[in-house]
Amino acid sequence: MGKIRRIQLKSKKYVPLPGTSPGSVQLYEGSLKPKITAYSYGSSACHSEELKSFSELDQHFKNHPTLTHWIDIRGIGDLTLYDYLEKKFKVHKLVLEDIANIQQRPKIDEYDDYLFAVSRMLYVDSELEIENEQISFLLFPKVLFSFQENYIDTVDPVIHRLKLGKGNIRTGGTSFMLYSLMDIIVDNYFTLIYRLGDELETIEELLYRKPDKTLMYQTQSIKRAMIMIRRAVWPERDKINDMIRSDSKLIHKQTKTFLKDTYDHCMQVIDLVESYKDLTTSLIDMNLSFISNRMNEIMKVLTIISSIFIPLTFIAGVYGMNFAYQDPETGKILEHNMPELYSENGYLYTMGVMCLIAVIQMIYFWRKGWLSNR
Amino acid sequence: MGKIRRIQLKSKKYVPLPGTSPGSVQLYEGSLKPKITAYSYGSSACHSEELKSFSELDQHFKNHPTLTHWIDIRGIGDLTLYDYLEKKFKVHKLVLEDIANIQQRPKIDEYDDYLFAVSRMLYVDSELEIENEQISFLLFPKVLFSFQENYIDTVDPVIHRLKLGKGNIRTGGTSFMLYSLMDIIVDNYFTLIYRLGDELETIEELLYRKPDKTLMYQTQSIKRAMIMIRRAVWPERDKINDMIRSDSKLIHKQTKTFLKDTYDHCMQVIDLVESYKDLTTSLIDMNLSFISNRMNEIMKVLTIISSIFIPLTFIAGVYGMNFAYQDPETGKILEHNMPELYSENGYLYTMGVMCLIAVIQMIYFWRKGWLSNR
Amino acid sequence: MGKIRRIQLKSKKYVPLPGTSPGSVQLYEGSLKPKITAYSYGSSACHSEELKSFSELDQHFKNHPTLTHWIDIRGIGDLTLYDYLEKKFKVHKLVLEDIANIQQRPKIDEYDDYLFAVSRMLYVDSELEIENEQISFLLFPKVLFSFQENYIDTVDPVIHRLKLGKGNIRTGGTSFMLYSLMDIIVDNYFTLIYRLGDELETIEELLYRKPDKTLMYQTQSIKRAMIMIRRAVWPERDKINDMIRSDSKLIHKQTKTFLKDTYDHCMQVIDLVESYKDLTTSLIDMNLSFISNRMNEIMKVLTIISSIFIPLTFIAGVYGMNFAYQDPETGKILEHNMPELYSENGYLYTMGVMCLIAVIQMIYFWRKGWLSNR
Amino acid sequence: MGKIRRIQLKSKKYVPLPGTSPGSVQLYEGSLKPKITAYSYGSSACHSEELKSFSELDQHFKNHPTLTHWIDIRGIGDLTLYDYLEKKFKVHKLVLEDIANIQQRPKIDEYDDYLFAVSRMLYVDSELEIENEQISFLLFPKVLFSFQENYIDTVDPVIHRLKLGKGNIRTGGTSFMLYSLMDIIVDNYFTLIYRLGDELETIEELLYRKPDKTLMYQTQSIKRAMIMIRRAVWPERDKINDMIRSDSKLIHKQTKTFLKDTYDHCMQVIDLVESYKDLTTSLIDMNLSFISNRMNEIMKVLTIISSIFIPLTFIAGVYGMNFAYQDPETGKILEHNMPELYSENGYLYTMGVMCLIAVIQMIYFWRKGWLSNR
Amino acid sequence: MGKIRRIQLKSKKYVPLPGTSPGSVQLYEGSLKPKITAYSYGSSACHSEELKSFSELDQHFKNHPTLTHWIDIRGIGDLTLYDYLEKKFKVHKLVLEDIANIQQRPKIDEYDDYLFAVSRMLYVDSELEIENEQISFLLFPKVLFSFQENYIDTVDPVIHRLKLGKGNIRTGGTSFMLYSLMDIIVDNYFTLIYRLGDELETIEELLYRKPDKTLMYQTQSIKRAMIMIRRAVWPERDKINDMIRSDSKLIHKQTKTFLKDTYDHCMQVIDLVESYKDLTTSLIDMNLSFISNRMNEIMKVLTIISSIFIPLTFIAGVYGMNFAYQDPETGKILEHNMPELYSENGYLYTMGVMCLIAVIQMIYFWRKGWLSNR
């Protein structure tokens, strides 16, 4: 079980400049050059082709006129991409801006000829940071575009299924492909949540054994991750609901049955997130009560030791006083000045009284329950 | 009452693999082989038969063509089950996946020929863990399938009533049987909640007598159980509401009157859960205030003892100083060097002053109310 | 003002057995034998009669064929009651079960020939426990049945008004009688809330004067009572709203105007309950801050006394050291060994320094504000 | 800024007796005799007349048959008022009860011939208590009655405007007059909130300078006042919304435009109240953290002084031990018994070691940051 | 990173006088004289002109009869402004009052000939105070008025775009200009939030390194700023939604597509605000737990040092007692009086025992984990 590494949230990258004309595309710092892969498929065929530029796309569509196309674009840092979409596909400027502005919430926007959809991909990267990336989709009757921020391979199982021809994937049209991609994104939420959930359970166990300041930080950062996931899933759910209720011809009736399934998955994700968020709150409460308990423990040790020895030290101090037995000048015996010091066994009696005091106090503390380790 | 055992929540078992084709059945680890019992009944007849395989079902239906059938399947770890349902009953792939994926929320899905329903069974098992199991139903006009995760006998009272022929159970058709099963599941929530509620009351009593760290853990785990029950009951309520408002011919009007009763039970469960959840919050607050109070108590003991004896020890220390009475070389009397030590009754006066200080402090503390045990 | 007794919530009595057939009546432990009083009234007449058994009811109805009847039944622990209702009035089994199951939430169920309503009566009994009892109603065109759990006399003012013939009560039909009973039940909520509110104000005053652990318990139990009242009033409000919007002919239009008034009362109760619940939360917060303040006070006493006397005791300790003035063997004067002890007025100087240290510390603490009692 | 006086909430006065017949008027204790002023106005005329009894009203109406009347009644403690309204204006009994029962929530009730409205007036009286009074209105086509609890002059600016003839007030009919009165009541909420807000800001400043237990009480009572205002404004907003959407002919269309303005004011009040409520919560949190910080400060002083002097006192104690240099009987030199005491400069070395220990500890505490005042 | 300056909220300036006639304009204290700039533009032309008084406006409109006009008014402290609008544009009195009363919530009011809209501009001014200013708009078919409180240049990028003729700005009519202004205001929210967010992250880092009381204040004031932003954005969102759903001909269909984009931006702002508000709550919680942890640390130092030295001091005190070896009068040897003092190596043994006690205690504390710095 051992060490727990702190999972961090990666922070935002895209700061829009106020005052730019609405609909003007603005590439974020560090955006990647697009890698374009075109998949063209029908019930009996499936071609994939890596393209070097968008100008090759027209030729590609001409080559496979009867097939359905999925253009998988990874990296959105190239203005020719937006030019191409605007000119060839008459995509609205605001849509292009939203593809480039990577802080969209999940949503579905219906236009006359196409649908524009946004999802958020959440995953833990190799440096243990939780990435929150945007993937957006343009759904045309025969063509689906997907735009990923990075080169990561979250949706590769769909490509695998497409090549194998499993399920309805080749015959469902572009809307089924869109569904398949959204579905795998939601499935990945489970992976992330279970991972965080496992960490939480480890933290809980460690907490019972030995509370620790760093465990507090861990819990707080997992709580924040849960809040971030919730912020992604609620609008995702609304988006899928909008798609199910949509009148658009672009979404086939058969696909809607499958979307209901994804909707249920979203609800399960929300349930899990809420459960784990409650758990983090419990853990933080528990941690605070542990801190208070430890304080009590420390105070008890101090109080027991001080309470026993301070009175004894006082008694020792009394018999350390130098009251004289004789007046040094007159030699007169000062009878009441500390006769105990000169009595036989005075020392023994004093030690006995001290022991008695200590024993009485121990009994008092034992009855208070302070000697047991609670 | 004595010892309280910690009731634990059993944790999840089914982790879906992202990327599997939607609608593909995936058995969870540790799933059990199905035990199949077929009940066929009418107003005057009731046959029950244990079947060894799904292939025997067809023959069974043929044997009792006029009767209503309830196929009670316990254990869902067999792929032939899903094959059978898909081929003979044309059940949708997504439904089959949901039967196998045991983390569904309660819901009702209407298809053209059948209804698919999911409930959650909650109970405390023999090892004091709270199980949260899925039971799903397929409702056809003449046949009802129920699919339990485990072999537990929660629904056996329904079988008993069926055999006795009590109430409307034999004449109400499959939808009444579905209602009966759902109703007993909701009734079991009461059993669980009252059990947890009794534990809470024991904890509360113990807390008043002697606060304890383990009581805190108990309360937290009961709170979590309450949250878990709430997560099961709210969608259960929505599901029953959906059934009441459904237009489907599969749910008889007469059954809906009974479903309203179950709906009321769900509301009662929700009320109880909220009450107990509030109670756990109160107990945790109370516990924190107890910890603070104890700290005060400890501090008071320390303060009283230190405050009384530290000044006395100082006085004793003063008269333990070795200021000389005579200059050792010149023999000159140093008049102002601690004449008290050589005065008659100096010791008695000093002891008197010490007692006076102690008494004044005791009065001060008594007036502050620190000596009483609050 | 003096002593405050702890108001307690009485706990549940009815635990349903899972698995009993829906609609089967189950008497709770300790249920009372019914006392039946039949009131028959019209604009100019009002007869009341105590009946010994339900069989006498038929005769009673025959005796007064033109009058309106209210059958006031207190105590529901007799199965003949349910038999009678089922046979003579064709009451649905589920309704009978709800009359016997005393944990219903307030609700109104409409059936073809009658309405079934449930209210909750809340009052403080003679042992200072808050009772939460069920009263249910069956509303027929000419007959109203009311079923109380116990023999308490909450609704007696209505009987008084009925006998006096005040207001619309004799001419309003059964629905007005139902309204009158519900109205008096809601009015009783005010009595209970004001009583709890007065206790809260007493607690608040005591808290300002002298915080106390038992005040905390009081506040917590009043908070719980408030939550319990809220749980009763919200569905009560919904029920009355349902009655106002109902199409049933059984509820006269004229009665609905009055029900709106009761609805307003429910809203006032809810406002009061929320106010007092907020107040309890404030008091609990305040109590916690008092505990912390007391801790500060205790710590200040300890710190002031320790800080002043520990350094002084150290100085006294220094001059209590036995460093020799002469080497005992050689008789050589060890000049640097504690010459202060042999200087003239060394004792006085030392005492002066001690006083100075104490005074400086007092000034420091006074400027910190630790000497004032805040 | 100096002293802050504690603003208090005045507590309830009207406790309804359960069991009184619905619609029976019950005067609250301390209710005032009515002062009646009749205002009769048209586009070019405005008469005001103080009346001694309700019987004079009929004559008044006859004197000004074409004018609009506003009857301003302050004090509601006279049963002839209710008799008059019931007989001459056919006002429903429940309305009369609501006028007398001064704990109504803001609401609007529509009857066939008239509207009944309730508002709450909130203001700080001369003894710095926040009054929460009821003002109710009866709106007829040509007559508006207003019923105030007390003789206060909150609505006098409206009278002033009426006499001046400013704005639409003389030509808008009774509904505009009703609007004017409601508007001034809502405007007064601002006055109250800004006053409380100013107090809060003073409290905040004082809190930063010197936290204090009484500041906590202040904050709590302002928080409660805010909650009370919120309880009045939300239903006020709903009431105004109901009036805007009402179909009643009694409310002119032109008036509704103005009511929308009042609606916006209500929303602003709600925003302000929520802001200040959040601020009180922040202040209470801050106060708790101040208390904890002070505790830390106190503990630091104690710990620093104890930690430095306790070890030094121990060393002094060691050299105060009386281990003998010679065996008193045999005169044998006990070489290992405290030779330090007889070494040259033993005292100086010891004092040096003590200083060293103190300095090391000071450095330790300084590096811990305990010596700075944070 | 260094020093963090405290961002403050600027407080309100406009306190309405209760009792003023509704619809009467009241200038707030410190309101500025208007600076009027008229922009007249069409697809191919764009004139801008600074006007000295409102009387020049008529001439301006005549000069450019076919163009669209945007009248940009900064500073609203001149009554001639309101006169002009009332007389020439027949603007409703209540609208004029709302333009002058700078505490409106964002809203859109539809009148027959024009729309009235309010937005809130939020920005950090040169003195690091967050300004919350009102900007209101009057939308006529060919003329748009905008009214700013101050002379700030938030909307200047729109003027820049207008002059350049970029985008749809010159051809979209007045509603597109209104959209452009609203859009830039919402974009400015991002700037403010990211600025506050950066401060929060700095605070968080500092908090982990060295918790500090001033960090707490910072966090609280950022939390309050977040709450203030939320109060502005929610009604802003509702306003934009109202505009999208409005039937008014004044808002072009094409503009609505763009408004949807602004709506999405509002949702993103809300998400960010909620995230940061959660973060502030976490930080405050964390800070409290740090304070408690520090207390534990302080207490541990005190306890360790006291626990070790108090018993040792007691032992030293015992051997500092002056029990006599001989009876001073009789010279009788008192055998049991402290023989240790006269035993060979008594001192060494005592020191050894002391060391042993100290070592045992150190081991105890080390095993408790108190010596490590957690």
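A, B, C, D and E are the chain letters, set down in written order, and residue numbers restart from 1 in every chain.
In this section, contacts are C-beta pairs under 8 Å (C-beta built on N, C-alpha and C of every residue); 3 or more make two chains touch, one makes a residue touch a chain.
From a predicted model like this one, the values you see are computed outputs, not experimental measurements.
Common partners of subunit C and subunit D, by the touch rule above, are absent. Separating the centre of subunit B from that of subunit C, both taken as means of CA atoms, is a distance of 25 Å.
One inter-chain figure worth recording: subunit A and subunit D are separated by 40 Å, centre to centre, where each centre is the mean of the chain's CA atoms. Residue positions 288, 292, 295, 299, 302, 306, 310, 313, 317, 320-322, 338 of subunit E each touch two or more of the other chains. Contact ring, oriented from subunit A toward subunit B: the chain order is A, B, C, D, E.
Within the complex formed with subunit E, the subunit D residues making contact are 156-158, 160-161, 166-167, 169, 180, 183-184, 187-188, 190-191, 194, 201, 208, 257-258, 260-261, 264, 267-268, 271, 274-275, 278-279, 282, 285-286, 288-289, 292-293, 295-296, 299-300, 302-303, 306-307, 310-311, 313-314, 317-318, 320-324, 327-329, 334, 336-338, 369-370, 374. Residues 11-12, 15-16, 18-24, 92, 94, 97-98, 103-105, 107, 109, 210, 212-213, 216-217, 220, 223-224, 227-228, 231, 284, 287-288, 291-292, 294-295, 298-299, 301-302, 305-306, 309-310, 312-313, 316-317, 319-322, 325-326, 333, 338, 341-348, 350-351 of subunit B are the ones touching subunit A in the complex.
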